[in-house]
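There are structures below to look over.
There are two complexes below, and they share subunit A, which is joined by subunit B in the first and by subunit C in the second.
Now for the complex of A and B:
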């Protein structure tokens, strides 16, 4: 037993070391014809991959883990450097084997990273970031390797260039969409949904009449009403804000009503025993109880607002906005700009959602799902 | 029915010395719930008078209306017949005058408030100044032995401690009457015994009138000055048993012959009430 636990064999390091000559070989002898050197080295890479798969399990000591991490990071550079010169030809098989071996090494490196004893927040962020970078890396390698036409899928590097060179345009598009459509629509829709819920609450005839209507309304794809909003409010940001209002109203109303309904009978009796009136009951008991539901609606609405504003810009808008930019650049086959705008929208959407998730954690820290 | 009336009446006559005013006076009270098209008789012809400073337990099988009777006293339920006065007025006036503190089966603490802010909740609603609120919450928490836990959240406390917070909260605005509805029912026996002793000490110290609903005969006998035995639905009072144990008592008294004798009387009364229905 003791022998088994003690017998750690640094497979990771051996495998990584075995793979190290390959990038060198690829860099030294690139070209359309495969060389014997490359054939041998590619077999080594495959062997390394298998060794790593078998190793699994026990994590190595901390210094060795760092070696694995460094090797994994360094190994990523080789394919990028190799592919810069274009077609691989017969060296393609070597390259494929290297990619396979490297994937297993990366797998192992990620597993070790997730296992590392860091604060949970740091560890989570780090693993997520590493996955993101790995995804971009595979994307770049595959686009370069198979010479994917840029109209089909531009490489991350090309999108990055567009992001860097058109920063001002992207920023102004973001401002128009976010500050003139998303934010006002989100605020008005959520607030109106909330206030409406307060009115409907305790008036069963309103709830019975409105809730089925509300769910029917939410069932129709709301962006379908975008053209109508454009007819009513013009092609400016106001019509997009109107679409967002419509999209965010019902989720907030339904969630708030649900939250107001879950209050415990006994707690209401307690408030009654203090002679508390409607507003006291609302502020000191029912709204705090409903807060997790309200934050849930805010998170849903943050996502819906971004989608609603961007998609409704497709139906006509002045010459700015993220949705407008996407539809215009698709027409010009400027896919780099399309993807750059998508990247901005994704980051903005995530941050907007993240803001509400963060506020939720701060304000409903007491809820069982957030307790330490 | 005759038994209950007779006992209740004699009790009232016997206990009501002219100088003392009754805290609670209930006469011919009935309560019928309308459940669909069926009438549920929750309480039937209740006569009961409770003096200031008494500790009265209501005991009976589940669904006998003990809690309902307590809720009527608290003005959380309206009787359909008969009369009730709380401190000489109607229950609504007593409720709006914050005459009673109610302790429920569950602690009903607000998870988003710290322990001390939970105790201050009724004071906040009454519009008391922050300094006075803080002073009182500190004082009441000390009274229930929770000094040092002021800044904790309820969910960081054990069930017994949570229930003590809820008692501190009921005492925060210094009501004359404490209504306790099976407050220790969900706790384990050891915690329960401990809290029973504390409650008795608290009652001796504050001199409040306490009405206490329980399932447990031992708990009722240990705590009370009088025990009101109720029958299964429709809830009636079938016996009111005096409990003349010494004012200062500890758990050891539960082995004393006079304790066992009273417990046996309560048990007999409860058994008789069962035969009514079966």
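Now for the complex of A and C:
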């Protein structure tokens, strides 16, 4: 363990050497608005964290570790504070070096976190969360640093502001898209696919003909029927729900058919020796066996339904809905709102998916894939 | 059991399958004609009143009128086929009125995006398998990205890329690329991790380097996973290209043709574009399947069985 830590030493020194010039430059040659004090303080804090690590030479004790982590995290504020007034002044090169050094530090922090003596779930979750925050941080720094125009890429802070100030509008868009298009379409399409599979299942000739076609259908760009559905059902949510029905039907049908087909010969024979009829066999043996496949289809459909509804709204819709908001705000070059809507769609999509993944855990707890 | 007998039985099973597929397809086409009757019948009274208000039309006249209609709600397959044939043969392939020109535009952007996305996905997967830190930090986000409607970003990306002067093929290929790349990465990581402990330990007893383990064990083991995700990827890539074409205001490509037809309220053209894009999707997935058979020749033991 000690040898492994020692191998990291040069990286600590590299990080410190790269980061040190920035606070010095800010002190010696302040920008036109004066020296941003927070920048210097936070940069020095990060350097102190590295110094503590170097002095120890091996992973420090737990209380000290928390101090090191807090100091190192404070170093993230330095670039943000330096860039707050826009001008880098004479600090340009030292700023670039600081960013490189902090990247080294971040990489090392992730590595330490990934092999920390914590439960695997906790450490993995922490690393993933930290990585997400780090991405947002780079995004913010790069937008501030290169003065990227808002019409090209708004900063996370600007998107956050849009999220906070337009909450009501975003919520009503979400309601229109989710409750009027996604949910009805998802329910009808999945149920129809399931029932159709049950009907087809009793007829092997049909099943053998439909399965290869089903996989061909899954390649078809079904969202492209959106303009046709709009002509048929009008520009309201019904046309979007119709697209979602078409998108979700085939995955459910194919998966249910596949799930019903995998039942074991022996188990069927056992059921027959009990004198079980078609319905008993279906309810007690074949459907439970097919359940993992059905949940797989529900998870696929959860994602497809969101895509179908949002993309169909691009083709024309009344004055609400997430897809409508995205295309309308692109027209006005209000990219903050576009990103805010995309963020809402992303969160809604993964929650909807997560719901089915959770239900899958509850209903197919016996499946080998859930064993620890 | 001789090999010929097995092969013969397999052929028999295949022809049975073909008969099933054929029957189902024929049934679907019949269903299509059947559905067209009520859908196109609604506007029939209008049509007949305009032709001759005083005449009563016979049943067969009504039936053929629902199937042969200039502005149908649901054009029948023969109308779509005729429109496709007319468009494909009346002008040269380089003409903008020719649907094959648009097929070429869409297929080109999809293929370029697919190639870039697959390459990026494989490279990233190799990194994820070998760098523990990258695996712990990036992989959860890649998996989560599968559950979000990424396609919603496409119109914005088109607008932004247009702002910095990228138009034509490039933005479409970029969108196609990022839609391909996610499933390829996730599938490839799974595939590169597919070799079991025993095989990896064997490689270690040979004192194989990481590159050798990758080239001789992990990569061959990942092939089925790679091609499964490539099939998903190329279908997604086509959807991405078409949505991108819609977002650029329908200049070219099948998506553009669909949008133009939708502006004109031309149902037959819309359906032709839709059916053509479906056939293109099936063709692309089929080509990936052919490539899979080329690259993963069955092992000798499997040939015998």
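Here, the second predicted complex is superposed on the first by the 286 of 372 C-alpha atoms of A that agree within 3 Å, B and C clash if a C-alpha of one lies under 4 Å from a C-alpha of the other, contacts with A are read in each partner's own complex, and residues count from 1 in each chain.
The criterion applied here is as follows: a contact is a pair of C-beta atoms (placed from the backbone, for glycine too) under 8 Å apart; a residue touches a chain by one contact, two chains touch by 3 or more.
What you are looking at is a predicted structure, and each value in this text was computed from that prediction instead of being measured.
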Would you mind checking whether subunit B and subunit C clash or fit side by side on subunit A after the superposition? fit
Thinking of the overlay built on chain A, is A:70 touched by subunit B (first), by subunit C (second), by both, or by neither? neither
Regarding the shared-chain residue A:80, is it in contact with subunit B (first), subunit C (second), both, or neither? neither
Check whether subunit B or subunit C contacts more residues of subunit A in the superposed model. C
A:266 in the overlay: touching subunit B, subunit C, both, or neither? Say first, second, both or neither. first
Between subunit B (first) and subunit C (second), which does A:276 come into contact with in this model arrangement: first, second, both, or neither? first
Subunit B versus subunit C as contact partner of A:345, first or second or both or neither: second
Counting only touches as set out at the top, which of subunit B and subunit C does A:367 meet: first, second, both, neither? first
Touched partner set for A:93, first subunit B, second subunit C, both or neither: neither
Touching A:221 in the superposition: subunit B (first), subunit C (second), both, neither? second
After the superposition, pull out the minimum Cα separation from subunit B to subunit C in whole angstrom, please. 8
Under the definition above, what is the set of subunit C residues touching subunit A in their complex? 16-17, 19-25, 73, 132-133, 136-138, 140-141, 144, 146-149, 151-153, 155-156, 159-160, 163-164, 231, 235, 238-239, 242-243, 246-247, 254-255, 258-259, 261-262, 265, 267, 270-271, 273-274, 277-278, 281-282, 284-285
Subunit B touches which residues of subunit A in the complex? 264, 266-267, 269-276, 280, 284-285, 288, 291, 364, 366-368, 371
Where on subunit A does subunit C make contact in their complex? 107, 110-111, 113-115, 123-125, 127-128, 130-132, 151-153, 205-206, 208-210, 212-213, 216, 218-221, 223-225, 227-228, 230-232, 299, 302-303, 306-307, 310-311, 314-315, 322-323, 326-327, 330, 333, 335, 338-339, 341-342, 345-346, 349-350, 352-354
Of subunit B, residues touching subunit A in the complex: 71, 74, 76, 95-98, 100-102, 104-106, 108, 110-112, 121-122, 124-126, 153, 155
